[in-house]
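By written order: A, B, C and D. Residues from 1 in each chain.
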Amino acid sequence: MAEITSLRDAVAQLVHDGDTVALEGFTHLIPHAAGQEIIRQRRRDLTLVRMTPDIVYDQLIGAGCAKKLIFSWGGNPGVGSLHRFRDAVQNSWPVPLEIEEHSHAGMANRYVAGASGLPFAVLRGYRGTDLPKHTDTIKTITCPFTGEELAAVPAINPDVSIIHAQRADRAGNVQMWGLVGVQKEAVLAAKRSLVTVEEIVDELTPMPGQVILPTWAVTAVAEVPNGAHPSYAAGYSERDNEYYAYWDSIGRERDSFQRWLDEKVFGTEAATSDHGEAPLVDADRVRVSRKTQEVAQ
Amino acid sequence: MAEITSLRDAVAQLVHDGDTVALEGFTHLIPHAAGQEIIRQRRRDLTLVRMTPDIVYDQLIGAGCAKKLIFSWGGNPGVGSLHRFRDAVQNSWPVPLEIEEHSHAGMANRYVAGASGLPFAVLRGYRGTDLPKHTDTIKTITCPFTGEELAAVPAINPDVSIIHAQRADRAGNVQMWGLVGVQKEAVLAAKRSLVTVEEIVDELTPMPGQVILPTWAVTAVAEVPNGAHPSYAAGYSERDNEYYAYWDSIGRERDSFQRWLDEKVFGTEAATSDHGEAPLVDADRVRVSRKTQEVAQ
Amino acid sequence: MTATVERTYTSDEMMSIAAARALTGGQRVFVGIGLPSTAANLARRTHAEDLVLIYESGTLGSKPTRLPASIGDGILADTADAVISVPEVFNYWLQPGRIDVGFLGAAQLDKFGNINTTVIGTDYADPKVRLPGAGGAPEIAASCHEVYVVVRQSKRSFVEQVDFITSFGHGRGKGEREKLGLPGAGPTLVITDLGVMRPDPETAELVLTQVHEGVTVEQVKEATGWDLKVAPELETTPPPTEAELQALRELKAAK
Amino acid sequence: MTATVERTYTSDEMMSIAAARALTGGQRVFVGIGLPSTAANLARRTHAEDLVLIYESGTLGSKPTRLPASIGDGILADTADAVISVPEVFNYWLQPGRIDVGFLGAAQLDKFGNINTTVIGTDYADPKVRLPGAGGAPEIAASCHEVYVVVRQSKRSFVEQVDFITSFGHGRGKGEREKLGLPGAGPTLVITDLGVMRPDPETAELVLTQVHEGVTVEQVKEATGWDLKVAPELETTPPPTEAELQALRELKAAK
């Protein structure tokens, strides 16, 4: 049975220094508030796992929480680079960041294997690419029936997976809909899990396209309205596209990032009934960079 | 794009002698009318694939359409044995029936591999059982990361898969809900596919728990109201539990089965706007056997 | 057998009630249709309201108000917390060991809790009786934390060694599951219409630990195809309570 | 360059329109965000209304009425025929070869259509520039029947050999895809702001087959980091029609 608790208590109990932590949400339902609470509680030496490390991991990496990143696409979607991620990879600032790089297909299958209790997954992937030269978690396996060689990747089983969803009921059953990405797999693959939700309700009205996580498959649920901002929760909020551009101006320099950390993360309490960082007023967005770098996702 | 056609034309075009054919539907949405149309068109030498060969395959096997059955549980659910299946296995009547026997977990994964374009699937399965001694499509594979040995099963890629669903729109997009079993995987694993539906509608109203098959992933759609009888279509019909017991009295003897075939299959036209065999009146059920054999499914 | 004349319940009812009692609240139970389903639903109606029933047709947390007529009864989906595909049931929920109890039936069961639902007779290619086959049972028996078997007892069905191992119990004795790397503890409880058996902690051989009220040890031995050992502290199953009997009968009568 | 003064459209607009024209109705297109998404949506707005757009965020048959701001824009889900999980996108839909065209961008592209979106510089551990990485591209490039690349052309981005093969094109020449067992035909079309390149049928080297109106071969060569070959029958891209330009501008303006 999932415990219904506060974000602060959940992160304190579930996320430990040195843990392997996955925050998932494929552009939709990204658990930003939980990421900032991990920073606020000053966790260190985390191995961060995420298919698309975007702003949420730029923040965690820039704050020095991570020693390693396992990922398949790291960028600020529609805007350009993640400057804190680049600074860590290229200049070891604030701490060195080891990377383990896959493709989306590989990462998705690593979660599937993790959720399935299997040690590895098989896919037609990586052929001809330079990824296997640099990533030792890509191997080959031979089909025992046809002799064909395919790629094999090991299961991901995070110590903790954290996702954001639309709703939970008071028993802790979780409901999400819209683009559900790899969140179910991330939760089922993990030893412990935390789901932040827009609201806790008496009853989960069935929704087309819903994914349900029964309470007994989740460790903790915390109500964090707008906890995905600047990402969004279908049915509750819209994506704050301007914030993504604004983030470029914050993340670009160490100083501006540090000021943001002090003011918006360390200077505030854990999000509870209202998410710490509210949508920004225009005045905050003085240094928005429009430089875009469009590359294949 | 799926062609919207009649059941008769669809079976004539898509199902050929010697084909590997999967009719799926896990107790719900079983494509009975399509099965009877295959009998009516007197197909021969089929390799029939189905997790739970129940009445629909008892009929096809008894009619001599099959040379081989690939399956994981063959019984009349809640009633007992499939007499035509037993007669074929034990007495080669009306023709010999080769069997290839798996577990549900193995069969489900064989379809998943087929749908995924992979030659095989990996699972923790069959350990300690006698199945691998008799089924040569169960092998072992070693995890390249941990060295652990797991079971491997080859993909199933039927020549044709046939399922029943609640609805399609006029473009041929298919919608089903409720217990959706392994139907999506069966269709995606197949070279060709036929979906019989309760009705063809102008627009598919979204439903909680729905599975959508886009028209371009389906070969043909045929409107066959009540085409799952005696199975059911959630939202359209109820399971005819009495028919399952009644079937025991029909299938038990070759004579009664032959009379049923002549009258109910060969004596009728292909189901079109109304399914050939309507729910039975009580008078038809004179020899219902109540002998039940409860075994683990 | 003077007790029988006084009994107001059948041995089948005693079996279902004894099986229901074995389940405790909050457990996740993978439920086979038939006797296991009756017992699991009875437990939900009596002492274990928050039992989580999982059916291989793709339902997590079904709460049927009547007995499902088949594993695919619509009521299982309509009352479930979540409805999922069959591959997902096996891959995401059963295989990783998320289920506490696998509740199975058996056509043939042996001394070490191995289950046969495939063929009677030792020649697979030419069996005496062709049974339905494996279904979900081999992986249920492998992956659930424990397996409870509920089955009517007879010399024909309780044998020294099954003709075909469809679902692995304890093989030929203690330690074989570990050697095979099977994660669950295997059959820890066998409930019949006569009594209850559990594996001996030293040998894994099924031992009679409990007889139902009014049943003698001799009756159980006569209905067993091997030399059944009896636990030193044999217990007697308390007879059904009024509440249990009423709940079971209401459940069976409900349409 | 006298033509430029008369042009009422930008070279980016020409690129998007040329890319849109490459798509034909009914095709299933796996769409990357940015330039490919603009082109694919423009095609749906003009000549290919029944184009099936597939986004890796989990949408089959999206019909957005404006350009999605990201691959996870809610409008992609709201207008889709089906919304599925990310593992399903890759395993059930991309991997088995159900998609006709993979429509990709590139940070660096080489003579044989190999794509780099990982690192600039030959030392992976200490790159000159760290790019976002692979995303879905390696398997899109492997499994779609064909790959179209849409990218702005420059000497810096069009190189003799990419620093890192993120997505395999034709390797070092004809036949390498077959040897690797890659099912799709790989990059068959590269559309830039200057013209169009296609692989030579004999060597698989990208050859200039088309220049956009007002662009000279010399301009294209100057923007290419290898000795670009020109097809014997070089064509000129017809300029945007009024309808195309209007559709593109409406699409870009729509909120």
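Convention: contacts are C-beta pairs under 8 Å (C-beta built on N, C-alpha and C of every residue); 3 or more make two chains touch, one makes a residue touch a chain.
Source: prediction; values computed, not measured.
Taking a step as a move to a touching chain, how many steps at least join chain C to chain D?
2
Just the number, please: Cα centre separation of chain A and chain D in whole Å.
A distance of 28 Å separates the two centres.
Distance from the CA centroid of chain B to that of chain D, rounded to the nearest Å?
Computed value for the inter-centroid distance: 42 Å.
Could you grab the centroid distance between chain A and chain B? Build each centroid from C-alpha atoms only and quote it in angstrom.
41
Among the residues of chain D, which ones contact at least 2 other chains?
In chain D, the residues touching two or more other chains are 91, 95, 143.
Hey, what residues on chain B touch two or more of the other chains?
Correct list: 117-118, 123-124, 148, 184-185, 209.
Using the touch rule from the top of the page, what pairs of chains touch, sorted by label?
Final set of chain pairs in contact is A-B, A-C, A-D, B-C, B-D.
Could you pull out which chain C residues touch chain A in their complex?
26, 28, 52, 60-61, 81-82, 91-92, 95-98, 143
Which of the residues in chain D end up touching chain A in this complex?
The contact residues of chain D facing chain A are 32-36, 56-59, 69-74, 76-78, 83, 85-87, 89-91, 94-95, 104-107, 115, 117-118, 124, 126-127, 130-140, 142-143, 164-168, 171, 176-177, 180-183.
If you look only at chain A, which of its residues touch chain C in the complex?
1, 115-118, 173, 184-185, 188, 212-214, 216-217
Can you tell me which positions in chain A touch chain D when the two form their complex?
Counting only chain A, the residues touching chain D are 26-28, 51-52, 71-75, 77-78, 81, 85-86, 89-90, 101-105, 108-109, 111-112, 123-131, 133-134, 148-149, 178-182, 184-185, 209, 211, 231-232, 234, 238-239, 241, 244, 292-297.
Per the contact definition, I'd like the list of chain A residues that touch chain B in the complex.
117-124, 137, 139-141, 143-146, 148, 150, 152, 154, 206-210
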